[in-house]
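So that you can tell them apart, the chains are marked A, B, C and D in the order they are listed, and the count of residues begins at 1 in each.
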Amino acid sequence: MTTNTRQPQSAWALLADIVGGAASVIKGHVVTLRNWLRPKVTGQYPYRDPAKEWVPKPGYRGDFALIHDPERPGGLRCIACMACANVCPDKCIHIIGQGKGKERHPAAFDIDIGLCMYCWLCVEVCPVRAITLTPEYHNVAFTPQELIRDINDLKARGEGIAEPLLPVPIERSVLQPPTAKKKDVSEA
Amino acid sequence: MPEQEAPQPAAPEAERVPGIEPAFAALAERFGDELVAARKTADGPDFTVAPARLADFVAALRESVLAEPHLFVDACGVERETALEVVYRFSLVSRREIVTVRAHMPKDKPAVASLAVMYPGARWPEREYAEMFGITVTGHPDMRHLLLPEGWVGHPLRKDYVYPLDHPYLAPDPLREDPVRVLGHAPEGEGEES
Amino acid sequence: MNEANVGTTDQLIVNMGPQHPSTHGVLRVALTLDGERVVSADPDIGYLHSSMEKIAERLDYRQYISYTDRFDYLGAMCNEWVFVRAVERLAGIEVTPRCEHIRLLMAELNRLASHLLYFGAMGIDTGATTVFLYCFRERELILDLFEWVSGQRLLYNFLRVGGLRNDLPDGWVEQCHAAMDALASRVDEYDTLLSENRIFIARTRGIGAITAEEALAYGFSGPCLRGCGVPYDLRRVDGYSLYPELDFEVCVEEGGDCLSRHMVRSRELRESIKIVRQVLARLPEGEVNVPVPRRLKVEPGEVYERIESPRGELGCYLVSDGSDKPWRMHWRAPSFYNLAPLDRLCRGHWMADMVAVIASTDIVLGDVDR
Amino acid sequence: MSIHTIGVIIKDWLIGLLAGWGVPVELSRLLIEVLTWAVGAALCIIAIMLAALVFIYLERKVSGYIQSRLGPTRCGPVGILQSFVDVIKLLLKEDIVPAEADRVLHTIGPILFLAVSALAYVVVPWDEGGTVAGKVDAGVGVLFMAAVGSMGLIGIVVGGWGSNNKWSLLGAIRGAAQMVSYEIPMLLALMCVVLQAETLSLAGIVEDQKGSIIAWNFLRPWMWLPVVLFLISGVAEINRTPFDIPEAESELVSGFHTEYTGMKFALFFLAEYGNLLLVALIFSVLFLGGWLSPFGYPDPLRLPGIIWLLAKSLLIVLIVMWVRWTLPRLRVDQLMGLAWKLMIPAGFVALGVMCAVIMLGWA
């Protein structure tokens, strides 16, 4: 190949240039041929077959869920302390609390995941570890209204989840044991 | 962090008290009162000059502190309590030394001498802080708006800037405008923050 | 307009972007062409302006970390790192050794991911589509690591003031080793396909050349500046974090053209793999978090903290008034300064070179506009 | 039984039929001749379309496999119906003409491009003694192909100009320059083959290579340079990477067909793949023995010649696709430099070598 920036000085240099250029081009073809024969890395989305579907690692920050506690009113661990609603940078969590003291629980708990940026801060600040993000990533909807998760929805998603999901045991993260954080709540 | 040091006081007024360190006596002599403050920090020298002499001062620095090859790092504006400030940073290539040059301006009619001719890299940041803080940059070859559309009213990074919520570029968010309609109930907890 | 040309041939003024496949986002360049020669190129930015600096003034330090991911979205870990470093320096917080190792690891992995994307983008802009897909394939290995440890693939929100969101999961280190081995064997393939290909060399050698003096005055940094022969790598110049203890080479190429910038990144891929392996080998055990008050208030003061991001000197200028929110927060965004001399780099070259020049500066428009 | 004999039988039967209705034999001969050409033309268009559909699918699969992807998988088994679905999609799409565009030229552009591409198929010798028109190519197939082939750029220029888009215009001008330049080394390579076969007829060139694979042109050492030249300039003629500068997606936003939608876009697309097949066919005819079997003449496997021709063409198409998905794109001046500074001198060298070979009597 000739370039306008570097001209070969002699006929032999020109020939060497052509041969070198051709060799570099052919080497590239060897690479693509090798990849042609390698196994393919992409898959099909979405698979109807759950066995083939990509499953995110635990701790993936997808859709929301509220963690259950059958002994509490409302069946949820949440104490409607507003810590998550306050810390949320996007202000996408809307809670209405009910009851006083130990009986306090959310009557309404709405998360607008269309506004949410999945920063995980609500999980981080929750004093009772009542909210979590789940690996569920099928969050598409046709209208903005469908993107609002209400309390029943969040409760249903929390089925079978015992603690906020993380890739490591909770002690090795910024999440602290629930008791330690209760003091913080009264401060805030 | 090895280069950890005690935090610098923020208020620029307080820095004038220690005045100019002896290491920069030559510069002080040359610029007199227009070199407001000069001190050494862990990062490198830090100068405060009169805004009109900023370009001259940096030119003088190129004969002393910035004589080595150096990178034009950054220029930005800061709003202090009583004044607007522009901060220029240069970094030596060979070792860790950041040279900071500041200029304070009154808030009502801020103007500063441009470095854009000496450092072409200063063109864009100067345009940026000019539109963001309403600072007039004298001697700049091209003072169009950089990030904001032409004709934008106000200077967004000023503390007293009011966001034009009725601006056509800003679509209203239905959830925030009328949560009752969207959610079916009034949200609690809004307004409890801070 | 070039006066001499007026009256002889018409100059063509075309809008390159904001919807153009090779402007790496929403960049508009008002191009004046004489035939296909670039007479002037005037970049018009601001389409992605998202008031990052203003937003910082209404959020506390913890909340803002997730926003730092979002301007230079290809170097999110580096953005987080420089921000938490700035806050920690103001607040006088010292992190644990394990935390520092993991942060450095994340930054280097992010550099790998970013450079891989650069390789792909450079390939696709010069017409070699396949390299793009190969690079994405290998980038996936790194994003999988990020996803596992932080829960997201692009916007990690992983670093915290005084620590990390969580420790490394079990088995992560082994997977990281495996990913590095897989990557190291593939980097040569990219070089065969691009860096050593004669067509690619012809497309990039001598194109968009800039001298070291000019580059310094323009505020060029990162691989772009090292491509001009200036050994300015903050990992060595500042020697922050653990970098002084690590063995790696500052990649410098003479020439200042697109090819030099490309070769710097090509070599940095290998250096980063080397760094990651070293850090993995010496990763200490222990806690990752130090106790930090929930509502962190730092002393009044200001700090300019900088690190070497994949794109260059990434600076965080933080002014605090003593409250829990920054008083002023300014990003020294490397892409912003690397894009500014576009006119200088492109003038007189062919229009097709413009694409190579933009690709070789490796800009991220989120980073330019902030 | 070759295509040619089938054609003759059908013709004779038709003449007999018409004679039975009282039509004069001379008139019916003329009618049949016109009909034959019309049917031939229709067959050409259909062949191009089919080839394009197959090649679009093939291209996607090849690019997918090279790039570690799967390619289309949804429509039909392994996505085999993908290109048919695409055609339906393109047909249903709105045909948009930009407000400031020249409506007439904008419409004529793609039609011209496809028409010219189809025209060149007339002279391809599909089988022994058989072109589409059912007769031998009047002895000047090479000339006809060269003349018609270079007209394709008119469609590109007309379409690019008619779009009234600066990117399209740049693409069209680039295309014109490129096609004019690469015509020359291509013809020089052709000349070598013509000298070898001592005929301008494409069918004659195949006849000249009669025999097994060792008799084909590409195995003759003095043909190696023309083979390379023809392949490179052929790829350049059909605007494919690394010579796709008229389209240059990353620079010119698709170049001359930026402003085309729906069926007009499809016409450009079809014609491009039609051209790809044409270059592959001509290459097979010139250097790979056309419809000849590699195992000798007559074919011991008794396969129709057209199968051999298509198989050889497919091989060439695959190679061209492989090149496309491997190499970066040349810049417009480098492209011209390659043609004028390297390939045209090389073409003359090849021609000189060929002449020397003939004078020495080795050919």
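Keep this in mind: a residue touches a chain if its C-beta (ideal position, glycine included) is under 8 Å from a C-beta of that chain, and two chains touch if they have at least 3 such contacts.
Nothing here was measured: the structure is a model prediction, and the numbers come from that model.
Q: Which chain pair shares more contacting C-beta pairs: C-D, or A-D?
A: Counting C-beta pairs in contact, C-D comes out ahead.
Q: Greatest Cα-centroid separation from chain C: which chain?
A: D
Q: Quick one: chain A and chain B, Cα centre-to-centre, how many Å?
A: 36
Q: Go ahead and note the Å separation of the Cα centroids belonging to chain B and chain D.
A: 63
Q: Where the centres are mean C-alpha positions, what is the separation of chain C from chain D, in Å?
A: Between these chains, centre-to-centre, one finds 46 Å.
Q: Could you grab the centroid distance between chain A and chain D? Build each centroid from C-alpha atoms only and quote it in angstrom.
A: Here the centre of chain D sits 51 Å away from the centre of chain A.
Q: Please list all residues of chain C that touch 2 or more other chains.
A: Counting only residues that touch two or more other chains, chain C contributes 130, 134, 137, 193, 197, 199, 202.
Q: Quick check: what residues of chain D touch more than one other chain, meaning two or more?
A: 66-69, 325-327, 330, 333-334
Q: Sort out for me which residues of chain A touch chain C in the complex.
A: Interface residues on chain A, with respect to chain C: 1-3, 5-6, 20-21, 24-25, 27-28, 30-32, 34-35, 41, 56-57, 59-61, 87, 89, 117-121, 124-125, 133, 166-168, 172-174, 184, 187-188.
Q: Can you name the residues of chain C that touch chain D in the complex?
A: 12, 14, 20-22, 36, 123-130, 133-134, 137, 193-194, 197, 199-200, 202-203, 350-355
Q: Provide the residue numbers of chain A that touch chain D in the complex, in ascending order.
A: 1-4, 18, 25, 28-29, 31-33, 35-36, 38, 40-44
Q: Any idea which chain B residues touch chain C in the complex?
A: Going by the criterion above, the answer is residues 1-4, 7-11, 43, 69-74, 76, 78-79, 87, 89, 91, 93-96, 98, 100, 118-125, 145-149, 156-157, 159.
Q: For chain C, which residues are in contact with chain A within the complex?
A: Those in contact with chain A are residues 59, 62-67, 70, 130, 134, 137, 140, 147-149, 151-152, 155, 157, 160, 163-170, 172, 189, 192-193, 196-199, 201-202, 205-206, 288-289, 294-295.
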